[in-house]
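Chain nomenclature is as follows: A, B, C, D and E, assigned in order of appearance, with residue numbering initiated at 1 for each chain independently.
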C-alpha cells in the first residue's frame, strides 16, 4: 500500500480552506478497502471538481464527507475530515447537514411517495425562515417543467427527478454543496442550464461546492480546481486550466487528446489502458 | 430409593397462567408440606417443577428430560394438549399422571366404552370431568326451573370459543339437557381472549335462553358478563370449574352476581375439618398465613394428596412404582385424604373407570363492593352411566 | 475436481472449472466439516440422552419448517404470518391419511407435504395481487381461518378432541423411540436441506430472489411474477407440511391448540435470527430458538436451587430473558447468525490480509 | 440498410396518466439489424415508449408489432420469450444477488429446469444445463469485461459498473431486439467509448437490433443508424442522424437553439 | 329479521370500531414514520392501562390527575424505549426491527405479569354514570370518551402528517432513512417522536379498554386484533385506520347477527372479518386508503 500521490501543484494559499480531507481511508463492511488515503481541500467560495472512472471511489469520498457512509456499513478508518477547522469524521449525517454541508446524492434519490412541492419543502428541512416559499418559486423558475408536475415525484421522468434533486439542494441554502453527478440523465440543453445554475449559485450566493461529474469538460469549465482519482487514490490534481491542458486528461476525459476527436464508431480497442497507476 | 421422584409441569406463564399459577402453587406447597411432615412413609418426594408455558412440544421435551434424569414415578400435569400428547408415553413408561385437564375421555382406562378413541390407563384427575360438571349444572338448572315454578320448556345454550377446551363437554352436555327436557339452542361463540362481547350478549338476549353455560376460562367470562351487564341480559349463567373464581368475582363486580358454577373442593375459609391442614400447607410459601388462596389452589392440593395416598398404598403393594401408584389410585373408594376431610370431595377410582367423582358442587356468588360472598346451592350427583364413560 | 484444489483449500479459492464453482460448499474444508457433522449426528443416539435427543428432534422438524418459511420470506420476500397453520395442517394431514386409509406413515409424511403444498398454493393465490405487508396480513387471515378449520373439521382433525398419530414405521419396524426417530428426522433434515440448496442455485430459486429484489425488472427478465409468488408459498408449505407431519408422528397426538399465531411468530423469529435468505441460517436460527428457553430454564432451575420458593417469579424472569435475549441478539447481530458466520469465513479467508 | 420487413413496428401509440400525455400518437419502425436511437428533452416520453414495448405500460391506443406479432396484451415476461431485452434508466438490478446470478437470471427463459428437477439437481440434468448456460454467461462477462466483479454483490457496485452489469443481464437474454435506456449515463468519456464499442459489437457481431435512448449527442450521432426525436410525447422528427440534427425544431427543443454548431459541440459542453 | 337487534349491533360495532381505530392509528403512526410493524402494540396498551390502574388504585390519585400522569409516563417510556432498543437498529434491516418488537412484546408481557399478576383487575369507577342509552343500547361512558378523543386525535394526526415539518420528516424517514439523513433529518428524533406519540395514544386506548373490560394481560391481544383494521384502511392512512376500525367493528357485529339468526356456524364474529379482509384486499390491494407502491421503472 503506497503513500498517496504527490500533489502536482501547490494550491493558491490566500484562500481560506473550508473543507479539508486529510488522507482518509474508507472500509466497507469491515473488510472492503475502497479509499486508500484521499486528501483534498476545498477553499471557501470555490467550486472544486472530483473526476475519475467508474468505481474509483468518488461517491464514497462524498459520502465520507457527508457522513452517509455510516448508513451503508462503511467507515472512515484513518485520516480526518475538517470542516471550518472542526473534525466532522464522526458526526452524524444530520449534524453535518446542520453544520452546512448538503449532499445531492447520486441516482436522484427523491422521496417518491411525496409530491414535488413536499420534496422541495423537505430540502428546506433545516431552515426555519419564512422565505421557503420564495425559494420554491425560484426552483420552479429554474425548472419550469417541475411546476407542471403535480402528482407524486416517483412518477417523474428520470431527468425531472434529477431536476428535483438539484432543486432540493437549492432549497437547503447550505454553505457547501456536495454534488454527485448532477448532469446525469439530463438533456444537453438542460445540462447547460444546470451548469449555469451551479455556477450561479456558486458565484452569486457564494456557496462552496465539491462537484463529482463525468462530464469533465463542463466540470472543468466551471471549476477552479480539480482532482482526478482512480482506484481509491488521487492521481492528479491542479487548477482547472492546468487540467484542461493536460495531455492525459485530454486523452481519457476530455476527448480529442491529440487534435481531432475520434468518432465513437471508429474506436477499435477497448481494452483497459494503463494509466497513471 | 429413599426419595420419590415426581415431575410437576406447571403453567406459570403463557395463556393459561391465570388459573395455572394458583393450581401450580397448590401442588408446590402440598409437596413441600408432605416432605416437611415425614414425606411418604418417611420417604421424601423429590420434585421438579417446570414451567412449560402451555406449550405442548415443550412439555414433551420436559418429559423426555425427566425420563433421562429424574425418572419420575408420577407426574402432576396441566393442560389438554400436553396431557393428550403424553397419554401414550406415560402408558408405555408406566407413570401415573395426574392432570388438570378434566376431559371426559381420560376417564376410560381400558377403552371399553364405544365412545373412547384410545384408552388412557395411567391418567387420573381429581374432580368431576368437564362433561359431568356440565351435566351437573344442567341437572341443577332443571330443578331450579321447577323450583321457580316456571312452565314450558326451558332453553339451554352453550357458549364458548371454538377450541378444544370449551368444546370438550359441548355435545355430552347438550344431549343430557335434551334428555332433561331443555330446548337446546344453537351455541354462541365468544373469544377465549377477553374482548368486548356486547354483540354476543345481544344475540344471547335475542335468543331468549334461560340458562347459558359459559365454557371459557374466567378471564374471558369477565368481559362477557360485563358486556352482558350493560346490555341487560336476564339469562341465568352457568359456568365450569375454570370459568369462575375469586378473582373474576372481584373483577366483574355486580355484573357477575348470581352466576352459578362448579367448585371442585372446599373454598378458602370454609368451616370444614380439613381447613386447618390446608392453612398449614399454604404457609409453606406464605409464612405469614395471611394470603387468601383461590379455589384452584385447593384443587391443586387435593390432586397432590390423592397422589400421595396412592403412593402410600403403592408402597404397601411392594414399592412405589408408577404401576403400583396406578393400582393405589384404583383401590380408593369414596376416599378422602386424611387431614383434608371436608376439603376434598370423596373420590373413587376403579381399574375400569377413572371417573374420580360425579358429585358436582354448585355454587353462586355475590359481589358487594370490595368483598364478595360464595354460597353453595347444592351438591348434585350425576348418574354414573356406563355409556358416559370416556365421554 | 483436481487434487491440487484440495491441497490449497485454505488459502483463497482456486477454481478451474465451473463445476467447482457451483459446489454447495465453498471450500473442500467446509464440505468435510459438514460431512463430519452429519456422521457425528448419525452416532448421536448412542451418545446423547433422551433429553438431548428430544431437543435434537425438535430442532429437526422445526428447522425443516423454518427452511420453508425462509423460502417464502427470506428468498421471495413475502412475509408469511400463517406458517404455523401450514405446519399444523401437515401434522393433521399425515395423521388423517394414516388413520383413515391405512397408508403407512412412511408414505404419509411426503403425501402430507404435498397436501399442504396444494393448500399453500391455494392460500398463495392472493399473492398474485397483494404485496408486502398487505400480503403478510392476508396470510395472518389464513392463519386464523385455518385454526378455525382445525377446530371445526372433525372428520379431518378430530375436531376439538384432536387426532392420534401413529408412530413412524417402515417394513414393520416401528420408530417409536427417540433413538430410532432421530434417524427419521435426520434423513428428512439432510434431504430437505440439500433440496433447498439445489433449488436456490438453479433457475426457480434465482427467480424467487429476483422477485424479491426487484419484481418489476424480474418480470421484464422473463419471470412470471404470479407464478413464482404463488409457487413460493407452495414450496414453503411443502416444507411446513413435512415438518408438521414429522412433529405429529413424534408427539403421537395432534391438537388444534398448538398451531397458533404465536408459533407462526416463533417461526419468523427463527429465520430472522438465523438470517433471512440463508439456508443454513434457518437451521442456526432454529437451534437458537429451541435451545433458548431450555437454557433459560436450566438457568432458572439453577437459580431456583439457591432461592427456593421463587419458581414462579423465576418463570417470569425466564420469559423476560427470552424476550431480552432476542432483543439483545438483534441489536448486536441484526443480520442474523448466518451473516456472522459469513463474516468469520471471510475474515479467515483473507487473513492476514483482512483489509 | 436493406429493405427487409421491420422487426418492430409501432403504430399510433398513445399513453396518458391522468392528465399527463406521456405519448401521443407515436409511430415508427425499427428494421432488423439497425441501431435506432430515441432522443428528446427530459420528460418527453422516451422511457415510456420503451415501457410500452417491453410491456411495463399498456398504451391507451395503438399497436406494437414485433416480428409480425401483436405485443399489446402480452405480459412482459412473455415478450421476453419473443426476443426483447432491455436495460433501465434507474438501475434495476437484483441488489442482493451476485453479478453472476444477476446475469444468470437473464437466462431464465432459456433454461428448462424447474423447482422439481432443480431440487434433485444431480439426477435430472439440471446441473448439466446450468453449467452449459453458465459457460455462455461467462462469455458475456468476458465480453463486457466485468470478470473481476463476477462474485460481487450487485448492490455494492458503483453506479457505472451497475450499468454495465445491467447490459450484461440484458444481453444474457439473447434478445433479437435490445432496448437500452441511457446506457451511458454516469460514465466518463473513456467508458462511453467502451460502451459504444460494446453496442456496436452487439449490433454487428451478435446480430442484435438496438433501440437506444441517449442524451450524449456525440454517441448518438456516431453510432446510430437512425434517430427519432420525441418532444412532449409527440414525434417531431425521424431520420438519419445528420438530417435530424439539422432540423431546427430539434435544435430548439433539445439542444437549445442559439449556439449549437453540431452535436459534438453540445456534448463537449462549451459554454459561453 | 329483527331490526332492533340489527341496529343495536351496528351501533355497537361503530362504538367498538372507534376503539379499534384508535389502536390502529398508533400502529399506522409507527409504520408511517419507521416502516416498522409494531408487534408490541398490544403491550403498549397493557403498560398504559396498568400504569393508570396503579396510579388510581395503589396511589389513590383521582382520574383527572392519574390519567395525564399516565400519558406523560408513556411519552417518557416511548422515548426511552427508542433510545435503548431501537436507536442501535437505525439503518438495519426493517425486518430485524420488527423482530425486536416481537422480543419487546414477550419481554413486557412477562414483566407486566410479574409486577401486576395475571388476574384481571377491575378499574375503579371513573365516571358518574357508567353508561348512557342510545337507540336502546347501553353504551359505556368510556367508549364515548374514546370516541371523542379519537376524533380529535385523528384530525390532529391528519394535519400533522400533511402539513407539519415533523410529519413530513417522518414520511421521508419511512421512505428512505439514508435520504432523510442526507436532508438533515435526525432519524433518531423522528423515531423518538413516533414511538412517544404512539405510546401515548396506546395508553389512552389501554385505559379505555381497561375501564370497560378490566385490566389483564389479555388486553395485549388488541395488538393482533387490530391488524385487519390497519390493512383494511391502508397501512399508511390515518383516516383509513378509523374507517377500517369502524368497518371491522360493524362487520364483526353483522357476522354475529347473520350467524345467530340464520347460519349457526359459530365463531363468525372473529373469523368473518378475516374472510372479508382477503376479499377486500383482492379488490383493493392497498386497502381502502393506502397509497399504492410506485411501480415505475
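Quick notes on this one:
Quick note on the criterion: a residue touches a chain if its C-beta (ideal position, glycine included) is under 8 Å from a C-beta of that chain, and two chains touch if they have at least 3 such contacts.
Just so it is clear, the model here is predicted, and its values are computed rather than measured.
Contact with both chain B and chain E is made by C. Using the mean of the Cα atoms as each chain's centre, the chain most removed from chain A is B. In this structure, the chain pairs A-D and D-E differ in their number of contacting C-beta pairs, and the larger number is found at A-D.
Distance from the centre of chain D peaks at B, each centre being the average of the chain's Cα atoms. Measuring from the averaged C-alpha position of chain A to that of chain C gives a distance of 47 Å.
Chain A and chain E have CA centres that are 45 Å apart. In terms of their C-alpha centroids, the spacing between chain C and chain E amounts to 32 Å.
Between the CA-based centres of chain C and chain D the separation comes to 41 Å, rounded to the whole angstrom. The multi-chain contact residues of chain D, meaning those touching 2 or more other chains, are 56, 88, 90, 92.
Counting only residues that touch two or more partner chains, chain C has 148, 151-152, 216-217, 220, 316, 319.
Among the residues of chain E, those touching two or more other chains are numbered 110, 113, 267, 270, 297.
Of all the residues in chain C, the ones that touch chain D in their complex are 18-19, 21-22, 195-196, 198-199, 201-207, 209-210, 212-214, 216-225, 231, 235, 277. Per the touch definition, chain B reaches chain E in the complex via residues 13, 17-18, 21, 161-162, 186-191, 193-196, 198-200, 202-203, 206-207, 218-220, 222-223, 226, 230-232, 247-248, 250-253. By the touch criterion stated above, chain E contacts chain D in their complex at residues 297. Within the complex formed with chain B, the residues of chain C that make contact are 49-51, 53-55, 58, 148, 151-152, 158-162, 164, 178, 247, 250-253, 255-258, 293-294, 297, 301, 304, 309, 311-312, 314-316, 318-319.
By the touch criterion given at the top, residues 2, 5, 8-9, 12-13, 16, 19, 110, 113, 118-122, 130-131, 137-140, 212-214, 216-219, 221-222, 225, 252-253, 256-257, 260, 264, 266-270 of chain E touch chain B in their complex.
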